[in-house]
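Worksheet: the structure to be examined is printed underneath.
All chains are identified by letter, namely A, B, C, D, E and F, in their written order; residue positions are counted from 1 within each chain.
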Amino acid sequence: MATVPLISDEDASPEVRAVFDDIRATRQTDYVNNFWRAMANEPETLQAVWARLKAIMGPGALDPLVKEMIYVAVSAANGCEYCVHSHTAAARAKGMSDDMHGELLAVIGMAAQTNALVTALQVPVDPRFKA
Amino acid sequence: MATVPLISDEDASPEVRAVFDDIRATRQTDYVNNFWRAMANEPETLQAVWARLKAIMGPGALDPLVKEMIYVAVSAANGCEYCVHSHTAAARAKGMSDDMHGELLAVIGMAAQTNALVTALQVPVDPRFKA
Amino acid sequence: MATVPLISDEDASPEVRAVFDDIRATRQTDYVNNFWRAMANEPETLQAVWARLKAIMGPGALDPLVKEMIYVAVSAANGCEYCVHSHTAAARAKGMSDDMHGELLAVIGMAAQTNALVTALQVPVDPRFKA
Amino acid sequence: MATVPLISDEDASPEVRAVFDDIRATRQTDYVNNFWRAMANEPETLQAVWARLKAIMGPGALDPLVKEMIYVAVSAANGCEYCVHSHTAAARAKGMSDDMHGELLAVIGMAAQTNALVTALQVPVDPRFKA
Amino acid sequence: MATVPLISDEDASPEVRAVFDDIRATRQTDYVNNFWRAMANEPETLQAVWARLKAIMGPGALDPLVKEMIYVAVSAANGCEYCVHSHTAAARAKGMSDDMHGELLAVIGMAAQTNALVTALQVPVDPRFKA
Amino acid sequence: MATVPLISDEDASPEVRAVFDDIRATRQTDYVNNFWRAMANEPETLQAVWARLKAIMGPGALDPLVKEMIYVAVSAANGCEYCVHSHTAAARAKGMSDDMHGELLAVIGMAAQTNALVTALQVPVDPRFKA
């Protein structure tokens, strides 16, 4: 159970419905996932977060699959179960192979390990990295 | 100041020196950064961590630049100052442009925001994401 | 399942029972929630944590509802599912409206985003903020 | 040193300059802090983040000082040095007294303690908190 | 559900099977837990992580029970539900008494509290701690 | 710079002075470190945190050095620079050898790595770990 109700299509106000429709059109699916249905309790925040997400995750200097894998990595580091599941599914839908997933996981694990070692050691930043 | 001494080339044992030499050869640079010099207080851990990092970060199903950007993302999420600096520098050395960096940052920020919203809302995972 | 048994009223020692009674009296409810029943395996820690929580969360320079919303915010940032649920319920019981909840969530999400951006950018603290 | 240059007024493009001007007008100060100068390397992200921050942090169901203290709490939980300094300064500017600050700190510490205990105990959520 | 299949003994390749056998022999149990069955999708990572874990967690300057309790502490701080459960069980199997568990929990909670207070206060490191 | 003044002996109220004196007596040193001087702005919190820390960190089912190493592990996982420095120094003062420190670091790094892998994989908890 979420801490707020999940808003169904029937209960959606026109402005919420417009965001749901844009999610459907952008993702070419009829499915609107629980995150947006929870966010729909605050239409203004829903609209603002969706607009930014749509702008950020589209094609650009980085391709959408790379962005989706970065999203998985941040979500894992932040311990967000929902986000790991939803963005891993999204990455697969965008073409992430099992081998790519395996390497993504290995990098996440290695980064977490060296992050922890660096912090426990309090290693000073090399001056050349600050240039 | 680190919580351990940084081991110079002069103070390095032969096994540590061998790792330093492999770092230099692999990265085609004469510079060995502070993380490895701190790790060198424990030669076995140094050797094991370097061997895994080298294996993981090389070419594979994901290219090295993508892996480096994922490393930056995890390091930022984990709040590791040293790691953000060193892996941002490494990503630039591997070809990350300003535009790519800008998009990487935007994804990191957006993921952190939706991770926090999902956690604060305790959104239940959609069954289809678990399939 | 917790990693320890949850202590029922029947299994509670007199000192644990005294804490349970004070929780009931302070909160004007007959219900003692699972956190305290898990903590009750260590009566001394139970007593100390409850005494501090009671002292801190009461009226003062900040009102109890504000404190409860701050508690939700920290719990979300720390990824604690139980704590998000229990303190969101407590905030509602103390008068948090849907609009207040919506704004609380928006601040949590925005703070997480700018925290991540600042860390990924390693922005130096402005001297005036340290004065 | 940040991982990007801090953009001065002289180097700001017209769109960046417009955001800087709105920050000055909104906050009634001539000072634009380092976070925005770092963000200015990506004018679109700068504009979007500033617009949301301005909308979220203004008066509403919660007053701006309460929002600022929630921001400090999230920033501390996320370990963001810059953000703790800048939002503590902002909270003071909005009227946070020493006593309020002391209580804010006590709540942050207590929440972090019980978050950790709950996680280490893996306490199951009480059904009534999910209703 | 994990984001990858859990590999059964029947589906295990010979190299995966060899790791499973070594886990069984080292731990003197027939049971191979879900973490390794998930990791088995990437045999090379499985092998590398198991080899390091086995080397690190054995007897040395610290005894295995102390190491296991440190593992619980890190897992709790990182909010890893699975890891808290599995390493608490492992610590119990290695001799952790209820009293030791209680003290472990108290230290974890106290450390989380003072970590948060220090971060919220931005206390400067005493020069003598850096010597 | 901390976000509050550090209270010197001269500026300490009698109740703060009493805590400082107890810190000196308990630790058999004349030195009162910055954390307590920052906390001294809130005498009641100072007194409560010190009393609990003193009770928790003393001898018991776990010895004080083991507790101190657990404290370092939590502090590293939480990314607290001050706490890593102060508790590493405290652990050394209580007898932590270089070999013990090296093993502590290796466990911290390994735990962080498997925590991240488990979270990225969303491994379900084995039923036997919940028993």
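Throughout what follows, a contact is a pair of C-beta atoms (placed from the backbone, for glycine too) under 8 Å apart; a residue touches a chain by one contact, two chains touch by 3 or more.
Owing to the predicted nature of the structure, the values given are computational and were not obtained by experimental measurement.
Among the remaining chains, those touching chain D and also chain E are A, B, C, F. Rotating chain B by 120 degrees superposes its CA atoms on those of chain F, with the angle stated to the nearest 5. More inter-chain C-beta contacts link the pair E-F than the other of E-F and C-E. Averaged C-alpha coordinates put the centre of chain A at 27 Å from the centre of chain C.
The mean-CA centres of chain B and chain E are about 21 angstrom from one another, to the nearest whole unit.
Shown for chain D are the residues in touch with two or more other chains, namely 1, 3-4, 49, 52, 73-74, 76-81, 84-85, 88, 102, 104-106, 108-117, 119-122, 130. Of all residues in chain F, only 72-73, 76-77, 79, 81, 84-85, 104-105, 108-117, 119-122 touch chain A in the complex they form. Across the complex, chain D meets chain F through its residues 79, 84-85, 88, 98, 101-102, 105-106, 109, 116. Residues of chain D touching chain B in their complex: 3-4, 41-42, 45, 49, 74, 78-80.
By the touch rule above, chain F contacts chain E in their complex via residues 1-4, 31, 33-35, 38-39, 49, 52-53, 56-57, 60-62, 66-67, 69-71, 73-78, 80-83, 85-89, 97, 99-100, 102-104, 106-108, 110-126, 128-130. Chain C meets chain F in the complex at residues 1, 44, 48, 52, 55, 130-131.
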